[in-house]
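Both complexes shown next keep subunit A, but they swap its partner, so subunit B is in the first and subunit C is in the second.
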Partner chain A sequence: MSAQEIVFENVSKFYGDVLGVNRIDLRIPPGLTSIVGPNGAGKSTLMNLMCGLIHPDRGEIRVLGISPREPERLMRITGYATQFDAAPRWATGFDFVASSLLLFGYSASLAERLAWRALEQVGLTEAARRKVISYSKGMRQRVRLAQALAHDPQVLVLDEPLNGLDPVVRAETIALFRQLAAEGRHVLISSHVLQEVDAISDRVVLMANGMIVAEGDIRGVREEIHEHPSQFLIRCAQPSRLAALLFERGPVAEVRLLEEDGALLALTRDRRAFTRTLTLLAAEGLPVETIVPADENVHALYEYLIGGSA
Partner chain B sequence: MAVYKRGYQRYEGPRTSHMARLLVMPREAWRRVSGQRIVTALIAVSCIWPLLCALFIYVSNHTELWAGMGGDFRKLLAIDASFFLTFMKVQSVISVLLAALAGPGLIAPDLGNQGLGLYFSRPISRLEYALAKMAALVWLLSLVTWVPGLALFLMQVSMAPAGWAAEHWTVGAAVVFGFWQWVALVALVGLASSAWVRWRLIAGAAVLGYFFVLSGIGVLVNAIFRVEWGDLINPLRASYGLWCVLAGAELPRGLSLPTALLALALMGSLLALALERRLRPVEVVR
Partner chain C sequence: MTARFRLRQAWVIARLELARVFLSRRSLWIYGLALLPSVLFLVHSIDVRYRLGKARQGGSVPPAAIEAIETGMSEQQVLALAGKPGEDQQRTVRRWSRREEKGREISESREVLSRRMIYFDGRRRAVLWFEDGVLRSKNVYEILNFTEDREVYAGVFQYFYLRLAIFFGCLGIFLNLFRGEMMDKTLHFWLLVPARREVLLAGKFLAGWTAAATVFTGGAMLAFAAMLWPHVGAGAEAYWQGPGAMHALRYAVAAAMGCAGYGSLFLAASLWIRNPIIPAAVLLLWEASSGFLPELLQKFSVLYYLQSLCPAPAPMEQDVPALLRLILAPAAPLSPWLAIAGLAGFCLLVLWAAAAGVRRIEINYSTD
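Take a look at the complex of A and B:
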């Protein structure tokens, strides 16, 4: 198994009669990966499995070559933030982060330095000496993130990390995730809010009913779904003419003129031939302004694969 | 496809020892426990009885203070197994009160916050977590049990005529080992109640109930059904029986050492099992 990937091989986990995850085969390379699915899809179970908090009933998991049954080694390379409001309320934000570092075996002085760095990364320096009980929901989310980041882990497993954050902090946090991923770490986040992961992820893992329904980069997944024609939003100064030409020359299944001035939606089952035709039409002088794939996003994938919106 | 610089470098510097890491949790728990005024007040109150006992030992060993008194008075002032067993009885009650105050705050908040996952995503096992939390309670209970007990015993040894220590060394062993057994049992009850009962007040009441109500039920069972197996659910009687054996004193009527040991083993196992069932990193909602 690869020492650079998180690998699930035929992993199943049941809680008594209740299905957690079933027959999961998955390889997660470095980068920002989002695990998406409705409540009860198995996202948290998948995360808990890779952190060694629970063990599979069947199958094998390796996190960068380390088995989750070796917690002493695994915990050094993983940082975990639960979706729950788990920070102890009686502790200050700084104490919470620093004591978690002491548990990892850092000396008191190094723990203090790393705790301040992590709190700075999540923008909590000023509130660090306040007790967690006085924090807002967003601040509690950030302090959990700080404790997950503080020991500089190679694998970050973050359960619903963007919940409760205001737009500014959300943008800063996303930028932090991108930066951590760009350093070559594995950043795994779970979410049931599709729009937010669509914008930030290198790859998505779509889950439903304890199973993976799709995984990979969003475009790759979209291209594999043949039963739904691809949708393109096109802006053109002559939309009616373009629609007629597309029907005449291009492999289109449907074209809709939108109410918005100069916009039309084209559906095709042959993306390559379609884009080739459009390129030719533009070269012939048709004033095509923009072409945007309309369903290369997690939301569309979700609807196609799972059949509902989250 | 993203291109990664792979600039990440893992920390490879020195780390503290495993034991040093484990002590982080008891230190934290101790800070919280000792920060409660009512606990501090009870610890202060718990010193009264040991101080009275120390005074008694002092008076007992200074014959000039009671010269001229009769033989009965001399017998009354004798320091023997029964003196230390009485001391242990009183302090054991205080230790239960302390556990009822301090125990509920140890695990319940972590469970209530669903925070166990955070602990167990560190290099810490469930057993180590339980032992670390228990250590804070053990340390607290030690302050009112075997520490003053041992101090009293040593005081008596230092003041008593030569030969007393050789004759009564089993009493010292009973004070130390008997209290260790007691502290372990009380701490287990404190932790188990904290793990199972979320509300502090009710968890505290559960600790008191375990020792006093259960003991009462044990006595009633024995009396009503004219049996002896009521002792199996009587933690006070079982522990006292063990202390008596250790101190070389007579066992309470109707209680045998095997019954006391069986009762204590049974209680310890059930309490450990109760803890094991609750200390899961992930709560599964069925």
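Take a look at the complex of A and C:
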């Protein structure tokens, strides 16, 4: 198994008679990966399995070559922010982060330094001396993130990390995730909100009913779905003419003129030929302003693959 | 990772967990259990000291004078022997009697002069009851009875403290170490640190034991001090110079070892069994019936070792039914060192079983 990837091999987990996840085969490379699915899809189960909070009934998991049954090694390279608060009633945000660092064997002074750095990363330094029980939902989310980040892990696992964050903090947090992923770390986030995942992920793992229905980068996944034509939103000063030319020359299945001025939606089963035609038309002087894939997003993929929205 | 590093980790876990154990709202009743004997002995001591103070105000007589007083003596003879009493009350009472005369029952009354004198010899109180100037009854009792107080302490310690207070206190503390955190949905904090599960178990056990031993050893010693308090200046010093300090130490060790024994069992039970009431009830039954068991099986009872550590056997009234006497009677005790070693070995065995349980523990907040 690769020491650079998170690997699930034929992993199944049942809670009594209830299915958690079933026959998961997955390899996650470094970068920002989103696990997406509706509530009950098995996202948290997958993350809990990865971090050793639960054990698989079948199959094997390796996180950069380490078994989740070896927390002593695994948790040195992994930080996991769950959906649940773990801070004791008496703990301030700083105490909570610093005390967990003591368990890594750091000296008190180093633990303090690392705790402050992590709290700064999540923008929580001002509230660090307040008790966690007095924090808002968003602040609790951030202090959990700080705790997961504090020991500078190679693998960061975050269960619904954007829940409860206000727009500004959300943007900052997403930027932080991107930065961490760009540094070559594995950043795994779960979400049931498809739009937010679209904006930030290098790759997605779509889950439903405890199984993986698709995985990969969003475009790659989209291209594998042949039964649904690809959709492109085009802005053009002469939409009717463009529609006629596309029907005449391009392999389009359908073109819809939208109510919005200068916009049309084209559906095609041959993306390459379609884009080639559009490029030619633009070169011939047709005023095409923008071409945007309209269904290269998780929401559309979910619609196609599962037949319902998450 | 070295063994030293793991020990340090266990210590850090224990330190962090201690605050949670000591400050947990679920633990408040445990303080009540631990302090109950101290409160009882304190109230008793205050009462004794009050009665002593009151008795001393009336002056005291030599003990020999009290010994010399016998029923049938007249008031004058008693006064000549013992002098003026500390308390002296007189009153006239009407006494009714019945007699039969010519087949009829006749009821008649007469006035009787009743007098109560109380003498005090510095330790004992003699209550003398006179009727018509003649001593009818003499009741001598000790306000301050060190032997009796020590026996009461031994009884309270063995019947209440070991069998109930420490038992249920450890149930509360040690079951909460894992199961309480599962209910609070905070257990994942510990499972997500880079520590072996066995180290986590050791740290949590250490925290639970430190808390339980502090509370219950402290409670036992407070009660011991409260028991000794009224005897200061009346024999307590001699006792303390003699076997007293060792007795206190043995009670303290018994309380601490009781916390270790019951604590390890409840910790293991919390990792293997979902409903804590069942193991608690089974263990309580096992401990209570250990007197019936063969000697080999008795060694699997925590109480067997704890009774061996106690400096004095628990007192037992003569009229205790034979069956109960059999249950309460300890088996042939071990030497204290053997008892400590045996109980420590027993704890290690139970913790070894608990380690297997902690390795398989899973976070499943939705179903717990």
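Methods note: the second predicted complex is superposed on the first by the 307 of 310 C-alpha atoms of A that agree within 3 Å, B and C clash if a C-alpha of one lies under 4 Å from a C-alpha of the other, contacts with A are read in each partner's own complex, and residues count from 1 in each chain.
Note that in this section a residue touches a chain if its C-beta (ideal position, glycine included) is under 8 Å from a C-beta of that chain, and two chains touch if they have at least 3 such contacts.
Remember, it's a predicted structure, so these values are computed and weren't measured experimentally.
Following the overlay on subunit A, give me a clash-or-fit verdict for subunit B and subunit C.
Once both complexes are aligned on subunit A, subunit B and subunit C clash.
Going by the contact rule set out at the top, does A:Gly105 touch subunit B (first), subunit C (second), both, or neither?
After superposition on chain A, A:Gly105 lies in contact with both partners, subunit B and subunit C.
Between subunit B (first) and subunit C (second), which does A:Leu53 come into contact with in this model arrangement: first, second, both, or neither?
A:Leu53 contacts both subunit B and subunit C.
Kindly classify A:Pro71 by the partners it touches after superposition: subunit B alone (first), subunit C alone (second), both, or neither?
After superposition on chain A, A:Pro71 lies in contact with both partners, subunit B and subunit C.
Which partner does A:Arg185 contact after superposing on A: first (subunit B), second (subunit C), both, neither?
first
Quick one: is A:Leu264 in contact with subunit B, with subunit C, with both, or with neither? Answer first, second, both or neither.
In the superposition, A:Leu264 touches no partner, neither subunit B nor subunit C.
Just subunit B (first), just subunit C (second), both, or neither: which does A:Gln154 touch?
Once the two structures are laid over each other on A, A:Gln154 reaches subunit B alone.
After the superposition on A, what does A:Tyr80 contact: first (subunit B), second (subunit C), both or neither?
both
Of the two partners subunit B and subunit C, which one touches more residues belonging to subunit A?
Touched residues of subunit A are more numerous for B.
Identify the residues of subunit A that lie in both the subunit B contact region and the subunit C contact region.
15, 48, 51-54, 71-72, 75-76, 80, 82, 84-90, 99-100, 102-105
Could you please specify the touching residues of subunit A with respect to subunit C in the complex?
It comes out as residues 15, 48, 51-55, 71-76, 80, 82, 84-90, 99-100, 102-105.
Quick check on the complex: what are the subunit B residues that touch subunit A?
Where subunit B meets subunit A, its residues are 1-2, 4-8, 10-11, 13-18, 20-21, 24-25, 28, 32, 109-110, 113-115, 117-125, 281-282, 284, 286.
What residues on subunit C touch subunit A, complex-wise?
1, 5, 8-9, 12-13, 16, 19-20, 23, 185-186, 188-189, 191-197, 199, 360, 362-365, 367
Quick one: which bits of subunit A touch subunit B in the complex? Just the residue numbers, please.
These residues of subunit A touch subunit B: 15-18, 30-32, 44, 48, 51-54, 71-72, 75-80, 82, 84-91, 99-100, 102-107, 110, 144, 147, 151-152, 154, 181-185, 202, 217.
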